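Across the two complexes that follow, subunit A remains constant while its partner is subunit B and subsequently subunit C.
== the complex of A and B ==
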């Protein structure tokens, strides 16, 4: 098992190192093949590891990282069934995205840099999935942050892309403060920094400490997963290549925050306030994201707000303590959202880099029927049409909320249900506008056989988007919930009242999705010749960016200007210059004494003797 | 008898070495190159002796024998070509250097007041003559005189102090006499410390140092600032270690003031100097302030720190003065800071050694000077001299400026043409010695444990 886990981590890292080392000599085909092979090998190792995994978790230490003063950080791994499924999901989606990328990047010259970062990202993401030591996990946490930064600003010749990368980096860094603070408290409270160590001592931990740690980790998770109030970096992160958006900003990295909460489930179990907060934040973010998606015209920004919204549902489930439910939605979302993003990538390339859905229209559907079919599969799952994967997984999260007693969870359920309705509306708005309408000013269409080849890796994802729900169907359908059964020994089992609520919730969910579809048809059907609404509050993300700019960035700029001019230049530099001048004056005095005649030297010698003897005489009397 | 011979082998070899050189000069047609070779061989013998670790010898004696042997050997190597080119090489120069080393060895390892005085005087008398060895140079003669006159007076103060100690305690053994205590002994110790402080150029009796170092030929200034300082500092450490608690209580506040004043005077005095040799002189004054601080904490780990610092200081000052000597033209030493501009590109190796030595004097990592300062300040803090240590750190920060000023001049692109870029050839021995010093500075900075372990073992075994 140790070998398999080590190999799983080794292949992507080796791939990244090779890409970096031979970036100049690798041909385009070799570079793409090498990168995909590295991920395929990692996937094989992940599958083999899951195949051999029993109920009991494996605790593996690959070596010591640093040790001082009684504290040590190890490259230690907690490989349980949750981590096993997570690694398979990550490597599987990553493999398909690598295959897609090999064609998507067919005209870009920096392909080696691209695949290097992509492999490196998978390596760091696997660390997050596997790590037991929280310091080791933090390495992965920061590593994916770095890869995300580098890939958002991948086309770094254009300033807005670099700015977007910087914004993502800084805003996630704000969340990381919470991680570092939590890490410090965990080390202080339990003496070690591992998840297993924390779990083992969880009963002895005071509730206040656990709550504090939980809130700090929740803050970190909000930053990474683009939840309110730290959500505004994700829409801008769409400046990167579209496969990157699919892999990092939809399927894997943004779910890292939620995955962290899942791994820390024992901690959240004794800190109920944290769970309730996570649930409300998640539900509010789900509504926020769905509402903002309504106001976008850029297909990738619609999907970005949709990602924010869907990760909110995962927070909702994790906050309710339903790890398998949250993980179920994580997997389903990984499949249908990466599918949608990659479809969007093809749409954009087909329309000559046009992102505006109001310039695409029915001609695109007629030119590429396969693409439309793929999109429809993803859209059905995202809008939770009955029997698709999204239907079951989202219904499960809402059932968690309503089955939980307490007004906070009720509020979360109401927010989540409204968001579910809005989700169907914006998804089919996107669908009808981009694939059915007849725009007045359409973009030219590109006919390139490579575009059709890019569709090939997407079919497995389309199949999963439609059918993955039957891995974990609700109890009332009388089928076996494989996922719940598989995870039963690893996480807290599902309380029965959730199962009872599921029938009711799934009915509501179906009604909401279908009525959302109908509303979208009424508003955006081709006969109405839909035109884009003027940019408003929803387009600007409800003014979250403006809020930060006015209330945080602007005062900070004013303060730093004052500190620079007033404190640094005037006070500190002035003091330093004054001290230097004084010292130079002293130095001249000392130098004048130093070039003295011998008589001065003799005088000082005898004077010193006299002074010392006088001092002795005074002290002795 | 044999045991005695083994015990005093370093002293005997140095004394005999001087005699052999003088005798060789009496023979007809002795080649001039023979003198430095003979001097080098005899100077190396004490080092080999200390490496062999003879039975019966004290660990501390071995350490000083080794250190002084390295210093003397390096001085001879640096002097050889320098003196031959400038026409003042001869039997007297090398003989006096060896006998001066003998005096330093006696001074460093003395247990007895008389031996301390004899050692100090033997070392000093030879040095007065060596400083003036370049007869054609009026600056050298002036320097020798400025060294000799106050030096004689300081010896008088030291002898008077020793006499008071003897009068107060009835013993000439340093340990016994200082243990006796009493006001007379304290007064005697105070005067003795002033005499030793003069040789160490502690402020306020440091005023002779810049003139003498500037006037003396550069390799001789190196010997003066390392060998004589190391031996005198050894005597200071010894006296401080043996001082009675009563004497400590009386004298330590004064010593703390002296140490602080010395650090300040050395580092601040160097700031506005235009002559590199004067800068180095002020720098060595400042380093002795740190040694004095370590001497106050001698029984709290300051002793080991001071021993390490002495070795580090010997390496870096030999490197600095040696590089000045090797970079100098045949008429006078290269002295003005502006004359060093751009030498880093013309003579990368010699200028590099000078830069490393200067950075070490400033106490920047990864050099021996950094580790030495670290140990010394650590010892002072452990012994409770927090204020003095803090003040010392401030002065050390000030001191970085003048070291960097010279280093910056070395690597300045413009202004190379204004001064003769081609100095006299360094000679194989000088170049080798300089390289070894610079390498040693870096090695001690990177792997201080090698020397620290040896020091700890000497103390344990001694």
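== the complex of A and C ==
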């Protein structure tokens, strides 16, 4: 098992190193093949490892990192069934995205840099999936952040891309402060920084400490997963190449925050406030994302807000303590959202780099019927039309919320249900506008046989988007919930009242999805010749980004300048220079005394002697 | 002369550059001067190898050398190495050949004199870290100012006169206070020998004055907020090698002074004033990070970032816990490597563009990929990316902070964020965007430059991924220092929540049982 896990990590890293080392001599085809092979080998190792995995988790230590004063951090791995499935999901989606990328990047000259970062990203993501030691996990956590930063700014000739990358890194880094603080508190409190160690000592931990640590980790997770209030970096992150958006900003990295909460489930179990907060944040973000997606024209920004919204549902489930439900939605989302992003990539290339859905229209569907079919599969799953994967997985998260007692969870359910309705509306708005409408000012279509080749890796994802729900169907259907059973020994099993709530919720969910579809048809059907609404509050993400710019970034920059010119140069340096000037004046005075007329010198001396004597006299008496 | 290991390693390390410096004066050709100094530098590094035999569990001071110097005044020639100084000496020796290589084409005038200064600097710096006699320490401490002053004043930028005099006077002002403290210790303790002084405990009132004088001298050197204003000026004007030495070694002398003198000699005052020092450190972390963001001069940006990073070091020291102090020592080493590397690279950039402004050095990623790879590596190390050296040091300090008092931790954590903000801004401007003044004649790193930076880059990863070795080497020394400190404070009757008025009355017994045993272990 150790070998398999090590190999799983080794292949992507080796791939990245090879790409970097031979970046000049690799041909385009060789570079793409090498990268895809590395991921395929990693996927094979992941599959073999899952195949051999029993219920009991494996604790593997690959080496020691740092050790001091009774504390040590190791390159240690907790390989359980959750981690096993996560690694398979990550490597599987990553492999398809690599295959797609090989064609997508057919005209870009920096392909070696691209594949290097992509492989490196998979390596760091696998560390997140596997790591037991929280310090080791942090390495992956920051590592994916770095790859995301580098890939958002991949087309760096245009400065906005670069700034978007920096913004993403900095905003997630704000969240990471929570991680570092939590890490330091965990180590200071328990002397160990591993998930297993934390779990073993969880009963001895006071609730207050657990709640504090939980909130800090939740803050970190919000940053990574683009949840409120740290969500505004993700829409800008769409400046990167589309496969990157599919892999990093939809399927894997943004779900790392939820995954962290799943791994820390024992901690959340004894800190109920954290769970409730996570659920409410998740549901509120789901609604926020869905509402903002309504106001976008850029296909990638619609999908980005949709990602924010869908990850919110995962937070909701994780906050309710339903790890297998959250993971179910994570997987389903990884499949349908990466599918949708890659479809969007083809749409954009077919329309000559045009992102605006109001300039695509029915011609695109007629020119590329296969593409439309793929899109329809993804859209059906995202909008949770009955029996698709998204239907079951989203229904499960809502059932968690309603089955959980307490007003916070009720609020979360209501927010989530409204968001589910809006989801269907914005998905079919996108669908009808981009594939059915007849725009007045259409973009020119590109006919390139390569575009059709890019569709090929997407069919498995389309099949999964439609059918993956049957891996974990709700109880009332009478089928075996395979995922729940598989994870039963690893995570807390599902409480029975969730199963009872599921029938009710799935019905509501179906009604919401279908009515959303109908509303979208009413509003955006081709006969109405839909035109884009003028940009409003929804387009700007309800002003969250502007708020940060105006109230945090700009004042900080002003403060920086003020401190530098005002405090540092004038006050502090001024004081030092003032002291120097004072000394200089003093020395001038003394020099004048020495060179003055004898009478002045004498008077001064006598005066000083008199003062001294007076002082002595006063002191002695 | 008494030596512990038969061969006087430390003396050899100090004398070799001196002899070489004299020999330089007889050389004519520039190429000979450079090659000769490079050879001496490599020899110096090889001479350091015996120091790697330092036994963590052995005596407190190892590689001890003792000889008569001025017996009438009680001064001895006394050298030794312990966990606090070991890595500083190694770093100093490593920097000599790298500085020679880095200045190979940068320095074109007065080549002999330049290398003469470099050699003197190395000798004096090693002396500072190894001296175990207070006067000897002071001699080296002052001796090192002169070559540094010359490096800035002769080979510096346009405002070099102003910067060099400011640097010289500012640090000299601190040093006079240090001299006063040294004399006072001779009066009260009766000796200049540092190990002997460490065995005794002093009255609280005396400790406060001595601590005040020493702490001010060291705080200027570090430099701690608000005594840092000489640093940006000196860095901006200094030549590349001067900046490297300044950042990598000179600044460490201040923090080394805190560890070597303040903690063992004035333990009660250190503990009393630790909250103040922690507050200043955190102020420095936030303040330095905040100001660095607005800079347009690359060197000034790194200089202000140094204020922030050194804030982490002093924070670690004054947490007075094993975790904090080990993190601090590691961070001293890391800052030397990372910031040294960055200054070296800025020097290489300056050779190409003759400007240190960010706006003149934009968009180089496409043309100088190897340069940007290394620049990115050091930048990410500077913002404490996990897997690089600085992460380990910073995390140790932060863990120590949270263990001591969570509020200190919460106050220091944003420093990590600020570092990311200004380093990314710098890195992105320099790497990406439209090249402002790129000329095709600029070349990517040549072999010589690559060799200059490779050791530092390797150390970034080595310490980042396998720091366990470094920590276990220094830990016993740290624990010994802290244990002695606690023992002295307990013997004095100092308790944690004692009001200052009561502390003021504490008069210490002159010798504390247990402390002297652990320090005396050095005598063979």
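Following the convention adopted for this analysis, the second predicted complex is superposed on the first by the 571 of 621 C-alpha atoms of A that agree within 3 Å, B and C clash if a C-alpha of one lies under 4 Å from a C-alpha of the other, contacts with A are read in each partner's own complex, and residues count from 1 in each chain.
Here is the rule we use: a residue touches a chain if its C-beta (ideal position, glycine included) is under 8 Å from a C-beta of that chain, and two chains touch if they have at least 3 such contacts.
Since the model is a prediction, treat every value here as computed from it, not as a measurement.
By the touch criterion defined above, A:28 lies against neither subunit B nor subunit C after alignment on the C-alpha atoms of chain A.
If you count the residues of subunit A touched by subunit B and by subunit C, you find the higher number for C. Legend: residue contacts after superposition of the two complexes on their common chain; A:66 is shown touching subunit C, with no touch to subunit B. Of the two partner chains placed by superposition, only subunit B is touched by A:591; subunit C is not. Once the two complexes are laid over each other on the shared chain, residue contacts for A:613 go to subunit B alone; subunit C is not touched. In the superposed pair of complexes, A:605 makes contact with subunit B only, with no contact to subunit C. Across the two superposed structures, the residue set of subunit A contacted by subunit B and also by subunit C is empty. By the touch criterion stated above, subunit A contacts subunit B in their complex at residues 583-584, 586-588, 590-591, 593-596, 598, 600-602, 604-609, 612-613, 615-616, 619-620. Those residues of subunit B that touch subunit A in the shared complex are 145-146, 149-150, 153-154, 157, 183, 186-187, 190-191, 193-194, 197-198, 204-211, 250-251, 254, 265, 268-273, 278, 282, 398.
Listed in rising order, the residues of subunit A touching subunit C in the complex are 64-69, 71-72, 135, 138-139, 141-143, 146, 149, 153, 156-157, 159, 162-163, 165-166, 169-170, 173-174, 176-177, 180-181, 183-185, 187-188, 556-557, 559-561, 563-564, 568-569, 572-573, 576, 580. Here subunit C touches subunit A in the complex through residues 169-170, 226-230, 287, 290-291, 293-295, 322-323, 326, 365, 380, 385-387, 392, 395-396, 398-399, 401-403, 406, 409-410, 413-414, 416-417, 420-421, 424-425, 428, 431-434, 465-468, 471-472, 475, going by the rule given at the top.
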